[in-house]
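A, B, C and D label the chains in the order they appear, each numbered from 1.
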């Protein structure tokens, strides 16, 4: 039987990087095929080439045995491919139906036939069990639904080969399970699924076959049934990896951060979260779990001083900082690793040293009466680069020249280098590879063991479970649970995250 | 409309000796050295007839006497300085400056460069240096005559002016126009609107809208005092059916049947005459040109009236009145107030 | 000027290539080459035109005039760049200059006393007035969420109207035929330095301003903070920089510089405030282009300001002597900016065939640190 | 007083002032929808006016003038599209530079081509005729105001609902808005953001070119240096004020034109020119303040945030 897809010698060079190096890959019809690899291994690049988003420098692609040459996504779509991107590619102000039918709009007399497009989208959704309201506007929908919309887009175009790039990164376990059901159902209708992930557990439970990429090369092609996570990880990194989770230490001290009755308003004038009360003590990591959009991000922004609170109070080491400015908070001992490291945590066009300085530009160590001590600033930057193993060029070069992982290291290094007693870390490892995750987890734990207090928000439940001393769960703007990680499972937390336990929070 | 058919040179109003022709006998005093002249305008010449005529006069002397002439067009204050200084650097026989805009620089540079001769047209400093000679006009006399025409012709008894800028200088046009009209019929109402904006002397679009809005208010005679902007007023005259008046040269051909007459300003003749006088060393510090000297005038009294395409040509009775008024002004029996000096 | 790069270098083609690969150098060459073509097509001699332009800009009174006109150009460029560097698109330089100019003029005209006192006082008055005017759009953005880009632009027209009204109805000198204030008394005029035949002392002032800006950006906390705000507002807020206050602050600085330059234009150049004169000169816009060409770098502003001033003064000479309209200098200025903004480089032409690869370009910076 | 101010002639003058602004603003709006920040309308309009006069003069036929005007607008728009879309240059920088370039180049070419400086008027220049619609144009007040336009005047009016229909009811419009909102999303569905952005910028070149043609062959029959005199910037403001919605952009253009027409009229009634000149800009500022609710996207665009 001809394979659904065959890649031969795909090569792609970006300025300075060989992203794909003569990759061969065969995907059989009707299989779920996982593609794994560290950050920057070239997964997204390969999929983008496959989907016609940019041309390969060399190599060929065969779909059902036919050589194809895609010059745009359109060609790929016409050849029966569909792709769900790592970052959703949806139009926020348009409806679900408009998003789905985009470019394949049903028309009558030249105008878009809206009722027809709603009907068709509804039909497809129903056929594959994807519950979505076609008339809803995208920006009002939760991520789990957005994912379904993305899949709908591919199915509406009758994609036979579906590419999913890290589809589970933002999902709750429940949503993830639902997604897996959908994927299996699709396979059972004869479709072929290409599935990118960093989570080896997902590879094991879902895929039939797995391709491992490393440094732009395909280094292994394995039958899932014949392998195990350790072997995959070994192929990914080229060395042995200890996948065991670290047990959290437990000797909390004084309360460092105290939040009482805090509420704030979100983007559209809605209450983003209400009456949040909790504390974080020294020597503990408090994890906040929740589906994106349930107020975690706004809560953290409020604590960090980027969003004004409506009511309630925040105190740091006993001092009230409810209305304090950001710099006051920082000098009072707050460090903050924001969720959006590209837009908030770093400034792409600014230099490496400028990025390593921010938040402390007024520290006496770096300036006197408004005049910079440039030597001190440079030395500080160099020492951070060394301590945190940041791979970067000269410290005067723009930080945009760094890779995602190194960028995150810049943020983490900066935030951990000032001995602040409180570290707020939002999605500290999102999108990072195993080695980078390991590094950051290690730093967090060391920080905690040194008496630091950590408030961590993560969509990664395994991470929350592995690191936290206590787990707060947020749902619909409220903290609905305060859990002991040794007594709950991922699935258990997931239930709180979806509001199933609304009436029985134990916190 | 480059001014080469400007009426001034061919002949002047019958009432006086034409200045250009008096200065004409150059053959008798042919200079040994070729002369050199530099004409500095404060703004791009564009379709500003006034500035163009200054160039024409300068050129004519240079051509006749044998010599060179150049025009330096400025755009703003510092380029004016740059141009005047560049002109001085070249040390021509005379640097010719035009308009009130340059009067202060004329004063400054003439005092700083006593060996360089200057001419300034249109205005004069209080105490001009001996090497600076001024030629000024009594534009209000011509405007007054146009007013007389409007006074007779206006049926609505409402007249007005579309004026480039709201500056005292232009009162010599719009106020004297009103005064002339009111000398015929004291009940005539007058209004003046100003073009202003970035391009007061060449913004026909604004001029047109302003003229149309005056017309909508019932005015039937509108004086266009906007140099390059005048085209807009004339277009409006055709659309909204009123009569208009032009300035500086005979503008009647640009809207035949719509333009009554023009406040002629014979800049070329005056420039020519002044240059000749300076070259010959006969120029006084200030020379004023009005109806009597043939420096200003109207087409109604011009020999080319018949071919002028001006509306006034169809009203011989009014021309007679105008003729009488002009004679009165020349002999002093009629005094036209100078709005600039009370 | 274009030829200097290619001809006067006695070195290898590779060095020329290296120079050409610098976007600004390339853009200059590109603009002058196109200008050459334009002049050629109109039947004039481009070489002669350019040499007249160069001569007119740097010889005789031309040099003094180039330096003189560079004062407002550099000043306005600096004012714009201060705002641009912190991400504030201030198109209101003209209004700030006009309002400051009138205030400075009035102080210079009506304050008795020695020049040592009146001149600085006029500068301060001009600066304060310019700053006050600049605060309107600043607060419009921070309080009412109206983009400065648009309000500052609209307020230019309002500034012109208000100052025109004040001059026409309150401070009119009726001894002249313009809508103008009285003349600035001799004693209150900006002195000239005894160099290049008398260049206004204001040139020293703008050089000092440039130096201050350079030091502030390179070595101070405030300089760092404004630049961070300009590069990424969310990042700056996260780093404890108060972007709103910053916006008002840089607008005040920009307005102050604008007002000082406006005052200079009156007490150091025209000696009276004539309605509309500061506007028709287009100096604020030239300053804007200079800031863009210099990528908001203070020292580069000095260089680019002199270049554009020379282009304008030289353009007049070109018109005088080579019969090529000074408008060509305007075209050249625009072409340089278009080429720089489109990031045309020698390399681009070479790589043209393969096409730009995805992700090759970061969005262009208004101000690169 | 009231009767003196408001009459059919005022409305006619308002519509006359509005048509070029509206045409340019509709183009700017299309760009805004496609995610291109467009402030080069001033230059496109000026180039369009120049070329329109040139074309009409050459052929003694206004149709060719309009065609030339469009071509000139498109030429400038191609430079903008190349710079901003292909080279990802800063649209503000490019817009300002292109405006200056149009001013300089038309000023340079005017004497070269026509041998005049400042203004070019000639009887060979064929103006756009007004085409009164029989019957309708006789309706008092409304008739002469609305049904006695040049072809471009009618076009401007028809384009308002026309563009609305295209933007919000057709596939092309949906794709254009999608490109403006999330270019990556559009691209992954096979809609080329580059093509659509080019299309939008070229469309605005066409419309601004038409605006210039209307100005130089409809409102007047001549070319003057810098004759767009700020109308392109007004169009930019109209796009913002109208939040890139066709009917609101129409309203904003109308508001400005009305304030301008009223200003001319008030001057005739004795108000100083300085005040009446500022009126349209003051009215626009006030309207901006009144409609300030959300300029957030715009703020993000213009503050580099």
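Note that in this section a contact is a pair of C-beta atoms (placed from the backbone, for glycine too) under 8 Å apart; a residue touches a chain by one contact, two chains touch by 3 or more.
Quantities reported herein were computed from a predicted structural model and do not represent experimental measurements.
A.B. asks: Among the remaining chains, which ones contact both subunit C and subunit D?
C.D. replies: Common neighbours, subunit C/subunit D: A, B.
A.B. asks: What's the chain with its C-alpha centre farthest out from subunit A?
C.D. replies: Chain centre farthest from subunit A's centre: B.
A.B. asks: What pair of chains is linked by the largest number of C-beta pairs in contact?
C.D. replies: Comparing chain pairs, contacts are most numerous for C-D.
A.B. asks: Nearest whole angstrom, what separates the Cα centre of subunit B from the Cα centre of subunit D?
C.D. replies: 37
A.B. asks: Rounded to a whole Å, what is the gap between the Cα centroids of subunit A and subunit D?
C.D. replies: 45
A.B. asks: Rounded to the nearest whole Å, what is the centre-to-centre distance of subunit A and subunit B, using the mean of the C-alpha atoms as each centre?
C.D. replies: Averaging C-alpha atoms per chain gives centres 77 Å apart.
A.B. asks: By residue number and range, which residues of subunit B touch two or more other chains?
C.D. replies: In subunit B, the residues touching two or more other chains are 166, 196, 198.
A.B. asks: Where in subunit A do residues touch at least two different other chains?
C.D. replies: 53
A.B. asks: Got the subunit C residues that touch at least 2 other chains?
C.D. replies: Counting only residues that touch two or more other chains, subunit C contributes 164, 168, 231-232, 234, 365.
A.B. asks: All pairs of touching chains?
C.D. replies: Here the touching chain pairs work out to A-C, A-D, B-C, B-D, C-D.
A.B. asks: Show which residues of subunit C lie in contact with subunit D when the two form their complex.
C.D. replies: Against subunit D, the touching part of subunit C is residues 38, 42, 87-89, 140-141, 144-151, 153-155, 157-158, 160-162, 164-165, 168-169, 230-234, 243, 247, 285, 288-289, 292, 325, 327-331, 333-335, 337-338, 340-344, 356, 361, 363-366.
A.B. asks: Which residues of subunit B touch subunit D in the complex?
C.D. replies: 2, 44-48, 160, 166, 191, 193-194, 196-199, 202-206, 208-210, 212-217, 228, 231-232, 235, 240, 254
A.B. asks: Inside the complex, what are the residues of subunit A that reach subunit D?
C.D. replies: Checking each residue of subunit A against subunit D gives 51, 53, 72-75, 77, 83, 85, 87-94, 98-99, 102-103, 105, 107, 110-112, 153.
A.B. asks: Please output the residues of subunit C touching subunit A within their complex, sorted ascending.
C.D. replies: Going by the criterion above, the answer is residues 219-222, 224-225, 227-228, 231-232, 234-242, 357-360, 362, 365, 368-369.
A.B. asks: For the complex, give me every residue of subunit D touching subunit A.
C.D. replies: Residues 165, 169-171, 174-175, 177-178, 181-182, 184-192 of subunit D touch subunit A in their complex.
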